[in-house]
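The next part holds the structures, each set out as structure tokens.
Both of the next two complexes hold chain A, though its partner changes from chain B to chain C.
Our next item is the complex of A and B:
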């Protein structure tokens, strides 16, 4: 057991599956799956369309520990129908967030001076294109429930988004991830709303050439999101690196979370509107124009920089 | 049959008291720049005996600053403008008791969130997320929020503008109302499933078919409206109902979680509750190990 967990730590977050990520992110041997594969709660809708099912419907949900802190985790499996959200996988992620908040309420009612180290947290590892088209309507409704649950967590339970899987985090899950308190990404992680293929399909190749991988990464990838302030921490591509960042963030007092958030208050919206004004003023042709404006003299070099060099030299976008 | 697709501005007049809509003004928010998110129409109106906030889409407007924002598409400015409308509504009523918060009426007719490169560079995901969080906050603060779908309520744009409401009302299919994630033709292409077969299955299966009646069966829409002249009365009636439910603390019966329960009741989403109950039971069995 111990060997397995230790070995996972050095493995690539990108290459791991959703279950390995959940298992390796939490303290060794502490993960209890809720609605795990043994419950065989799978999609009733996929078989109707002649598609294969998975007994966990492509998402691991459960509870574990980091130190003394109960951590409620959801980890999407990008290899199953693109990590897309259906009725069952949607209900699992919604309910794991609810359980975290209810746990907090219970703990506080038992003990008003709940120590920070025991305050429950939510961690979601995204690896998804959003709604699962085979059960699109149910998937869509699950997204709205998730945003509702996120708002309920405010002031109570911190929510941390992790993005480092192959699919990235797009569609409705793109705004769910952004609505968390903290976003942690690797360079391989991609975050956006409308996926590159969809933009190309709807608006044409002039608007976005989805086959240009470099363009895709510099528009949605971890480095770009870090420069824009959309991702708070950029880490190496290993389970251990994500886990270390997670431990650091969860050790902070809850009051510090507001400093990480992008959205969720009038003040934050006003700041984002300044960025929108900048967008109009700058009319960038490419994300590199924004990197340059942020103070990165040689934006082309940014793409190839090692993570260490990037983190120590990059200028992040700030507006007054 | 009159249809209201593209007529968001006219629909405001059909719902609120005559001549009462003041555009661009909510509490101490005053927006005078006509080029700022022009497709998002926000303001204050009288509705029966009270003041309400209106957030609508004017699909006839084009945002000259963003080439992919036209015909009701929600772009960066539009989404943040709508978020401002919500936060200023909350602010304006902050000293009122929970039963005296102004209602918000969302008039929905939008085909999507802006699919553009600029939008992705600056983060369209944040803009739509910001508006949704604002609505959820207002709903939980006691403001009754009623969405009225008069035209298109498509996918992410419906999540953005509509699905965070306490109650969602929609004109029925005969008005050409479009409620879906993707048309069946696109689903067929992306999933590589046969279109004719999908069309056959869709007759009975609300989970992927397009149309307000299917969303109704899933509990995603509370009520379908048959006559345009009934819109105003139904909005007012739902505001009153929502108020009384909130007054007794029944917040869970409203909004997204309320529609989850409605989905089970109408037989459209049966697995959702089974999954949640299983998790609750399993967690209860181990909770002591984690919550000490």
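Our next item is the complex of A and C:
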């Protein structure tokens, strides 16, 4: 087993499946899957529609350790129905967050001075297009339940979003990921609300050409999200890089989480409104216009920069 | 015609079958053109019982051949195999079955 875990570390986060990601992100051999394939909790809706099912309904949920910290993890499988959230997969992700908060409550009521390094955390690896349309009502409900769980975790359990899968993170799950305390992405990760194809479908190719990969990445990709402040940390595309960033973030005291958040206080909302205001004034035609406004003199060069050069030279958007 | 998920059931017995060496193994992802497999130890008098769930119709005989060959060549016995398929080709099917077996060794 040890060989397998070590080999995973250098592998591309993008190329790995949901289970490999969950297994490799946590300390070696510590992941216990909850409601795993053996429990055969698959979708009751897909067979009726003649669609293939998966034993874990496309999400790996479980608990393991990073150092002394119990980490509750959910890792979506983007290759199964585009990682879309259905009734069962939705319930699994909601309940893993609930379990983390309940563990926190129990641990802290048993011992009020429990050191931070032993307090639970939640990690969610997103690889999803949002709601699974075959079971859309249940999927939407799961989104709102998950938001409720996030709210209940506030002040207790830190929640970290990871985005580096092939599908990215779109639809309602884009909201959910952004509502976490910390967002970690790779350049290959994409975060957005309405996916590129949907925009093109609704508004036409003139508005958004979904087949233009460069356009898609500079509008939703990790680099853009980092400049905009939607993503807190940008890392290389490997299990190890994501794991290293995760270890750093989880080692911080909980009080520091507020510095990462995008929402959650009046001040934050005011800042978001300033961004909207800027958008109206600037009327950008392309994300490069915003990059330039943020202080990147040569925005065209940003796209091809190596991660190191990008991180050391890029100017992130700041609104007064 | 109403589309439905097909369930195929097979049972095979290899010559000189050896007991499946693990309690449980899971392998694969139900991506497009791919499949996942669970192999679980079961007392079946040396036989292998297979269940395939697939959206594809009309390839029962191809499945039977792929699975029979796998059982015959690997000499496994006393286990159940469950497959969730999403339009995997026979080549992918054979490969995934062997990869599932390699997970335990």
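Worth pointing out:
As a working rule, the second predicted complex is superposed on the first by the 320 of 320 C-alpha atoms of A that agree within 3 Å, B and C clash if a C-alpha of one lies under 4 Å from a C-alpha of the other, contacts with A are read in each partner's own complex, and residues count from 1 in each chain.
Everything that follows uses one rule, which is that a contact is a pair of C-beta atoms (placed from the backbone, for glycine too) under 8 Å apart; a residue touches a chain by one contact, two chains touch by 3 or more.
The structure displayed is predicted, hence computed values, not measured ones.
Applying the stated contact rule after C-alpha superposition, one finds that A:37 touches chain C and leaves chain B untouched. In the superposition on chain A, contact is made by A:279 with chain B only, not with chain C. Shared-chain residue A:117: touches no atom of chain B or chain C. In the superposition on chain A, contact is made by A:151 with chain B only, not with chain C. Once the two complexes are overlaid on the shared chain, A:143 sits against chain B while remaining clear of chain C. In the superposition on chain A, A:80 makes contact with chain C only, while chain B stays out of contact range.
In the superposition on chain A, A:17 makes contact with chain C only, while chain B stays out of contact range. Looking at the shared chain after the overlay, A:106 reaches chain B, while chain C stays out of its contact range. In the superposed model, A:46 makes contact with chain C only, not with chain B. The partner that reaches more residues of chain A, of the two candidates chain B and chain C, is B.
Common to the chain B and chain C contact sets on chain A are residues 48-51.
Across the complex, chain A is touched by residues 2-5, 24, 26, 29-32, 34, 36, 38, 53-55, 82, 84-87 of chain C.
Only residues 17-18, 36-38, 42, 46-55, 58, 77, 79-80 of chain A touch chain C when the two sit together in their complex.
Contact residues on chain B toward chain A in their complex (touch as defined above): 65, 67-68, 76-77, 80, 83-84, 87-88, 91, 113-130, 132-134, 136-137, 140, 155-156, 158-159, 163-164, 180-182, 187, 190-191, 193, 198, 201, 205-209, 214-215, 218-220, 255-257, 259-260, 263, 268-276, 278-280, 282-283, 286-287, 289-291. Those residues of chain A lying in contact with chain B across their complex are 32, 34-35, 39, 41, 43-45, 48-51, 61, 63-65, 70, 87-88, 90-92, 94-96, 98-99, 103, 106-107, 120, 130-131, 133-145, 147-148, 150-152, 154, 171-172, 174-179, 191-194, 198-199, 202-203, 207-208, 219-220, 224, 228, 230, 262-266, 268-269, 272-273, 275-276, 279-280, 283-284, 287, 290.
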